[in-house]
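Both complexes shown next keep chain A, but they swap its partner, so chain B is in the first and chain C is in the second.
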Partner chain A sequence: MNILLLSLILCLSIFSLIAKDLLHAVIALSAISILSALLFTFLKAPDVAITEAAVGTGVSTIIYVWAIRHTKRKDGDK
Partner chain B sequence: MRKAKLLKVFLTIIIITLATFPIIMSNVSWPTFTRDYLFVNALNETGASNTVSSIYLGYRLMDTLGETLVLFVAITGTMSILLNLHKHELESVKTQSTLVPEKRVKNALRTNLVEVVASKLGPIILLFGLYVMLFGHISPGGGFQGGVIFASAIVFLVLATDVKTKITNSHVLERIEAISFISLILITTYVIFFPEGFFSTIDIGSSFLSAGIIILLNIIIGIKVGTSIAVMIIAMMGGKHDN
Partner chain C sequence: MTNFILSGMKYFLIVFATITTIRLLLGPSASDRLVAMNVLSSIALALLILWGVTTKNVLYLDVALVYDIFGFLGFLAITRFLKNTKDKL
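For the complex of A and B:
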């Protein structure tokens, strides 16, 4: 189960690195936070899990979306 | 170009391997002295059955004060940037979601879905944040986590409702934050004048109030973190949400 969660986290982080649409990358980051919270719960660290769920999914997603709204949404082609 | 990319990947793999190699291969077992000491003595000395909160609000309270100071400095810097930002963008304020519908040019962020869902969920999340904050010494949670949940509930109420209450007014929130921060500093530094420090808890036996000062600190830290993050996000979503 832990291996499955860790590989999902790895896939989502690679997706958020290579995604051209920055909003998709932010959604993938908040999905990573949810999966990490689940992983922390399995590893018997519920305090860290609550922090990860509240900060990673709630507050940091709001801040990222605000920053994207005030800048460009698409990643520029090189 | 392709060669440089391959080199980067290769270097990254080598660095990760070098960083994790000592952890994987070491034969020395992890030190267990502190863990055993806390397992035996933490409940009796601080009265909190959640050992994590007995560490960061009992044994390591000064570190928690420094952590709160870091958050305070971060919020101060963000607020100074945000307030100067909105001074130059006065015309864009009319589309912000924190205004009442008659003053808004268009419904920029607020849809029917957001209004229905967030206005119903907001008070429930507010209550859950208070629960996490107040029961931090018994169950997992604590001041910081409860404060962040509290802040997201305030953001829900700001986004979804047109009712102007004290809890969505950023002037009131700033004052609450200042008062709770001052009282946190005062309570944290009073340990200097008492030799037994924070372990002079009230002895009520196995009651849920046995943690004594940890409950008070959880409440104060929760209010401080919640109001400061709420003030920051309200400022992000379009200036002051005042009456």
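For the complex of A and C:
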């Protein structure tokens, strides 16, 4: 089961590297933090999971989206 | 019997998370990916509470609570971003 979660995290991180749209990459990063908080919980580290859930899902997603909103979106290669 | 049902629920929820992740990878627009991430968050919440019930430890319920509050803030930020864009969703 941990192997399955790790392979899902690997697929999502490869997708966030090769995604053309920045918002899709941010959504994939948020899903990565969801799955890694779940993985930390299964590996019996609930304090690390609390920190990952608070920082990874909430704060970093808000900061990334805020940074994308204040820059221009370049849609030339779609 | 109870432990058998709980572990069966755990594997079912892992399979659901896998299918939802495939939808998140394939979804053509940002709205599809956002809904897939919301469903994935609900599945993760159910898995955390299930793990807390299985191990009879109250600390995992705190993880689920903190995760749900901050995950809602992240969804709110992305939804506000989608409101201000004029392109196709």
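As a convention for this text, the second predicted complex is superposed on the first by the 72 of 78 C-alpha atoms of A that agree within 3 Å, B and C clash if a C-alpha of one lies under 4 Å from a C-alpha of the other, contacts with A are read in each partner's own complex, and residues count from 1 in each chain.
Everything that follows uses one rule, which is that a residue touches a chain if its C-beta (ideal position, glycine included) is under 8 Å from a C-beta of that chain, and two chains touch if they have at least 3 such contacts.
Note that the structure is predicted; figures quoted are calculated from it, not measured.
Novice: Name the contact category of A:24: first (chain B only), second (chain C only), both, or neither.
Specialist: second
Novice: Name the contact category of A:54: first (chain B only), second (chain C only), both, or neither.
Specialist: In the superposed model, A:54 contacts both chain B and chain C.
Novice: In the three-chain superposition, say which chain, chain B or chain C, touches more residues of chain A.
Specialist: C
Novice: Name the contact category of A:46: first (chain B only), second (chain C only), both, or neither.
Specialist: Once the two structures are laid over each other on A, A:46 reaches both partners.
Novice: So, A:62: does it touch chain B (first), chain C (second), both, or neither?
Specialist: So A:62 meets both chain B and chain C here.
Novice: Which residues form the common part of the chain A surface touched by chain B and by chain C?
Specialist: Residues common to the chain A contacts of chain C and of chain B are 46, 49-50, 54, 58-59, 62, 66, listed in rising order.
Novice: For the complex, give me every residue of chain A touching chain B.
Specialist: 46-47, 49-51, 54-55, 58-59, 62-63, 66
Novice: Using the touch definition up top, name the residues of chain B that touch chain A in the complex.
Specialist: These residues of chain B touch chain A: 50, 52, 132, 140-142, 144-145, 148-149, 151-152, 155, 229, 233, 236-237.
Novice: Using the touch rule from the top, collect the residues of chain A that touch chain C in their complex.
Specialist: The touching residues are 1, 4-5, 8, 11-12, 15, 21, 23-24, 26-28, 30-31, 34-35, 37-38, 41-42, 46, 49-50, 53-54, 57-59, 61-62, 65-66, 68-69, 73, 75.
Novice: Quick one: which bits of chain C touch chain A in the complex? Just the residue numbers, please.
Specialist: Interface residues on chain C, with respect to chain A: 10-11, 14, 17-18, 21, 24-25, 30, 33-34, 36-37, 40-41, 44, 47-48, 51, 57, 59-60, 62-63, 66-67, 69-71, 73-74, 77-78, 80-81, 84-85, 87.
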